[in-house]
Amino acid sequence: MSQEPILVITTGGTVDKQYFDALSEYQIADSVIPKLLATARVAHPFRVIELLRKDSLELTDDDRALIARTIETAPEKRIVITHGSDTMTDTAKAVAAIAGKTVVLCGALSPARFADSDALFNLGMAFACAQSAAPGVWITMSGTVFDGLKVRKDRAAGKFVDL
Amino acid sequence: MSQEPILVITTGGTVDKQYFDALSEYQIADSVIPKLLATARVAHPFRVIELLRKDSLELTDDDRALIARTIETAPEKRIVITHGSDTMTDTAKAVAAIAGKTVVLCGALSPARFADSDALFNLGMAFACAQSAAPGVWITMSGTVFDGLKVRKDRAAGKFVDL
Amino acid sequence: MSQEPILVITTGGTVDKQYFDALSEYQIADSVIPKLLATARVAHPFRVIELLRKDSLELTDDDRALIARTIETAPEKRIVITHGSDTMTDTAKAVAAIAGKTVVLCGALSPARFADSDALFNLGMAFACAQSAAPGVWITMSGTVFDGLKVRKDRAAGKFVDL
Amino acid sequence: MSQEPILVITTGGTVDKQYFDALSEYQIADSVIPKLLATARVAHPFRVIELLRKDSLELTDDDRALIARTIETAPEKRIVITHGSDTMTDTAKAVAAIAGKTVVLCGALSPARFADSDALFNLGMAFACAQSAAPGVWITMSGTVFDGLKVRKDRAAGKFVDL
């Protein structure tokens, strides 16, 4: 491993949710991911593409095709995608066929703007997995590095588990 | 990768520093690592040994031998050590010869109790690296997964860099 | 002023909102106010009544009568009410006639569980106002101690202003 | 009460302490008070003078005279001073004779940069006390609005108490 650049693609999801008092509800706001990477004092080379700003239940096949195309055309071999947790496994399937790249999906069960969010830990997991793991697709949630095609979200239990 | 348990050994360092008003200074307090892993909503099996509570400039050869022995005698093959950043590379050398285990050192430049600390991210990196990387010793700081024997801390710049 | 006990009545509102991943939305949860007062290291005597758990747009006349009755029957002369900001001024009207008590309403535009919330500041304002101000009803929001009958919420601007 | 401007004078103290990894110690850094007032979404008119940057054990008679002179020459009648807690009562004595102004001292037992600090609450208390209380000197710490001349810090207990 060396200082190979990492591409971070943000797509929205809970991690980026903000509470808007004037609307009495949450909405996905500007991605907090750049701010999290600054808090993490990351000196490793990376760039961020804010590709989408959607709750993952609203992602379409076209959205997933866009994510895949963005990965394929990027020069980077190491990719982190921040994503809503509800359909993270669907996007994992959509990018699994891309050769020669280590792609890691992560997100958060609690918005990053919360004081006690899992966001920063999950992002750290993904950043390391993108550097250490073999090419393929991975999901780093609930403290485990999962094979991206052998995992599911147990919504009631609030965690990711082996398929 | 599966649900192989991770052993987390805490030794002190900046990550665990607390501000004590009565003393008008920061000192290492109860390890905050268990609380960080709860915030991270980690469901992966792990256990924590609070082995030492020292600033890493005060670690002795005996301390390093204790850390090494603790790793060798543990059933776990995947180890995370939280450690002061100043002499992290010395401890990496002390544990590099242990066969068959993936050992990852991490810490923080800002106490975890701070609102904008790098602690949670670095811990996440270590937790993933312990699962993804090959046996050997690693350091996850400043956003990079470093070979534990090929890295140094650039104290003035406040980051870890290749040796 | 001395160590006269303060009664804190919580009624819900944004300040107590929590994000529930399984529901993909924010809802009012257990009041966070006791935890805020602990964080604030409050040694002043107080007690907390969790009276309601509602968004203030859903408060009814019966709810407001309950709040008023709770204040009237309490031994304390100094009252803090945490409340949703949207109808805080309506509740102020409902309690204005209570004699001999200093009643202060406060809340937050951002849930207290957020890292950058105004909740703790507003609660501090109310706690001091309850001790310093004359009997009557007050609202402490947006940094100002308002006469509770001479203020309105400018929802679009996200702040409280003089009527 | 109306929208009378508040003058905030920062002098340093624990509230502004930052941990500097390169030095392995804390130091008083740029005041966080402006950032706290932004987090608090304060719309009330105010200005901030960063007068000193000292631990309060290091304040001299000249420093206290400077604080007093700054208050006397300011157009504002409502003053908040953020200050180290150890000698807050000494500064209260030094400003008690100033006529026609409501002066409130506050600080924090935990640096504001910490996630669980009392800083924001204490600042809120002071901001309200400056608007509600009669002219004179006050101290808002540990949840109580104290007469600034009738209070002391119980260092061992970590709180302010009546004299």
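When the chains are written out, they are named A, B, C and D in that same order, and each has its own residue count from 1.
Quick note on the criterion: contacts are C-beta pairs under 8 Å (C-beta built on N, C-alpha and C of every residue); 3 or more make two chains touch, one makes a residue touch a chain.
Model, not experiment: these values are computed from the prediction.
Student: Compute the shortest path length in steps from chain B to chain D over the network of touching chains.
Tutor: Contact-graph shortest path, chain B to chain D, evaluates to 1.
Student: Count the residue numbers both chain C and chain D use at their shared interface, divide by all numbers used there, and answer same if that is over half, different if under half.
Tutor: Since more than half of the residue numbers are used by both chains, the interface counts as same.
Student: Distance from the CA centroid of chain A to that of chain D, rounded to the nearest Å?
Tutor: 43
Student: What whole-number Å value describes the gap between the mean CA coordinates of chain A and chain B?
Tutor: 24
Student: Can you list the chain B residues in contact with two or more other chains?
Tutor: As it turns out, chain B has residues touching two or more other chains at 109-110, 115-116, 158.
Student: Can you tell me which positions in chain C touch chain D when the two form their complex?
Tutor: Result: residues 1-3, 36-37, 39-44, 46, 109-110, 115-118, 120-129, 131-133, 138, 140, 142-147, 158-162 of chain C touch chain D.
Student: Flag every residue of chain A that touches chain C in the complex, lowest number first.
Tutor: 14, 17, 19, 21-22, 24-26, 55, 57, 85-86, 109-111, 113-116, 155-156, 158
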